[in-house]
Amino acid sequence: MKGLDLSPQAPLIVLFTDFGLEGPYTGQVKAALWRIAPIVPVIDLFADAPAQRPREAAYLLAAYVDAMPAGSVFLCVVDPTVGSERPAVAARIDGRWFVGPGNGLFEPLLRRASTARTFFIHSGPEPVSASFHGRDLFAPAAAHLAKGGDVGECGLVEGKIPRFLDWPDDLPVIVYVDVYGNLMTGLRACIIPDDAVLVVAGRRLVRARTFSDVPLGAAFWYENANGLAEVAVNRGRADRLFERGVGDEVQIISAKS
Amino acid sequence: MKGLDLSPQAPLIVLFTDFGLEGPYTGQVKAALWRIAPIVPVIDLFADAPAQRPREAAYLLAAYVDAMPAGSVFLCVVDPTVGSERPAVAARIDGRWFVGPGNGLFEPLLRRASTARTFFIHSGPEPVSASFHGRDLFAPAAAHLAKGGDVGECGLVEGKIPRFLDWPDDLPVIVYVDVYGNLMTGLRACIIPDDAVLVVAGRRLVRARTFSDVPLGAAFWYENANGLAEVAVNRGRADRLFERGVGDEVQIISAKS
Amino acid sequence: MKGLDLSPQAPLIVLFTDFGLEGPYTGQVKAALWRIAPIVPVIDLFADAPAQRPREAAYLLAAYVDAMPAGSVFLCVVDPTVGSERPAVAARIDGRWFVGPGNGLFEPLLRRASTARTFFIHSGPEPVSASFHGRDLFAPAAAHLAKGGDVGECGLVEGKIPRFLDWPDDLPVIVYVDVYGNLMTGLRACIIPDDAVLVVAGRRLVRARTFSDVPLGAAFWYENANGLAEVAVNRGRADRLFERGVGDEVQIISAKS
């Protein structure tokens, strides 16, 4: 397809799903990828993306894309309405491919893109189960793209995929609680003014550079290693201290107010 | 060994264990596989097979075999009596290899096989720990088989392994609870009559095609993406609604009764 | 660097971290390793090393090194004071490389080494985040070492790293609770006299060879498959029976006392 900078082979396939760590889901997706693209390595980025919450997942995904090599193919599945009429889509955004459900998962990426083209995925000759599009539809498409197949061979047809234009550019909501109890927000730290504080559960938090810059047990927010504003407690757990989790709101307010 | 269709090299080694996701068990097994078969990729299918329950694990395993490529070698460890006199076994079933304890784990597969040959595994020159046969005995055998070694080199001697002929062809028991709270049974959906209902915790459940075909919050059963009858709740958790888990029974009854 | 037996390429990179299984940490480390050493396989040994406890983690790590191939590069991150002034270090110990924070994580290994050389790691031209040295500092160093780079290219400068000489040779403390509820201690079984008993939570435990050598439900200790004294219950959970976990003490006493 002319004008589309398909690389000869993707360096990596990156998995971003809410499959959870347990169970047979990720393994079957990897076997499906292997059948088509056996020599492209697969990296597990998130298997615990916000479960069944495409909006929160979308802002989380957007923050982690740059940590993966240029040319990577992202296979993304947070898909509470699998089996319904939501379309299967793909997007070529700034040199990377994204494959998954058309439910807003790529909205912040499209919003921030320098170059983007969007596609619908049509299933191939193999049967597609009603409940596991990750294995039967998205994985084959991602694997063909990773091999450098042209978009037609990959089952892609260019078109305007659903957009979610009422979503904000940054999401003032907790989008992930990590293993240490830190609360990642959908806010890029770079958009928060220096003279602002972050409010979580009614508590005003000031910005720090990192954990060791605040006293033991102190709560603060900082720019995490992927650019998101993240709420943390030095040697403690912010999720327990604030009793907040994925989907809960945060606020940015002026430090003077 | 004549008559045995050993492929030159297995495409994949597939792990099916109850090691759990945590801890050093799977990593050490992978290092043991790597020593012998460094270029055969390893896929984690289940690390959370029914813990210490070979019977439930056996019906779960049988449903997931077809999702893996022909010629794959399955390394299976659900082995509550490791260190006792239960034998170490291998089976060549319809073109795939299965390696593990002789405690019934391969019984449904043998029952449903078109072609099957069974073997005992004898340990090689390396010392075998009393508690970690997965690493010290099964992994080396699986790796040698994956490399296409002949059965003698792999420590295999053909013989009649223990059979569990009192087990049913399909198991009306919950064999797995997935990350979404869905209850997988040991029943293949294809053996359940159209006019039957599934009874779980005293509740009669009708069949649906998939989640989006029932109202939000409704319980139902459906044929999952691997052919098992699975109990689910649209946007909810069946494990919590029914307070049932691995080992609990289900019933198939006529819808007219 | 003369005198240093750098292998041309490491067979494996081994991950030993407290990142947890969830979240984007291990995936980003693997992508960072892949950028520099794409063809060296990576094995996940522990992602759940004792969280933020370098001392317990150190004795656990030491027991698992021999299960990995000679020449492996260990990337080790248990690093509660990341961002502070603790140095980044590497050690060449008996033919393997260890990379991580200079907080004692390699102390038992150094104590037991036949040959050891130690190094400080200096960051390269890429920016290093304040909170994720695993990805930005340790992974690049480990990957360069795995490729067989010389120590200068890898950012290493030989020097005396911090030692923790007040730590014991074996640690009479629980260092890991596994998925089965078994309590691993920091004690090598080989240092415990035959006529000794292990005391946990006030209960005296005798030694057994393995699970099937004691009655159902009985508590005992045994030499686990990596040489550590481990407390277990046949078909039960020692963590629940004794209500003990990581950091809790055990005692070795004479059976006659």
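Order of writing sets the chain letters: A, B and C. Residues in each chain are counted from 1.
Methods note: a contact is a pair of C-beta atoms (placed from the backbone, for glycine too) under 8 Å apart; a residue touches a chain by one contact, two chains touch by 3 or more.
What you see is a predicted model, and the numbers here were worked out from it, not measured in a lab.
Subunit A and subunit C carry the same sequence, and matching their CA atoms takes a turn of 120 degrees, rounded to a multiple of 5. Taken over every residue number at the interface, the positions common to subunit A and subunit B amount to under half, indicating a different-residue contact.
Chain geometry summary: the mean Cα position of subunit A and that of subunit B are 32 Å apart. Residue positions 21 of subunit A are each in touch with at least two other chains. Put simply, subunit A touches subunit C in their complex at residues 11-12, 14, 21, 41, 43-48, 64, 67-69, 176, 178-180, 209-213, 222, 224-226, 235.
For subunit A in complex with subunit B, the touching residues are 19-28, 30-31, 34-35, 38, 51-52, 80-84, 129-132, 135-136.
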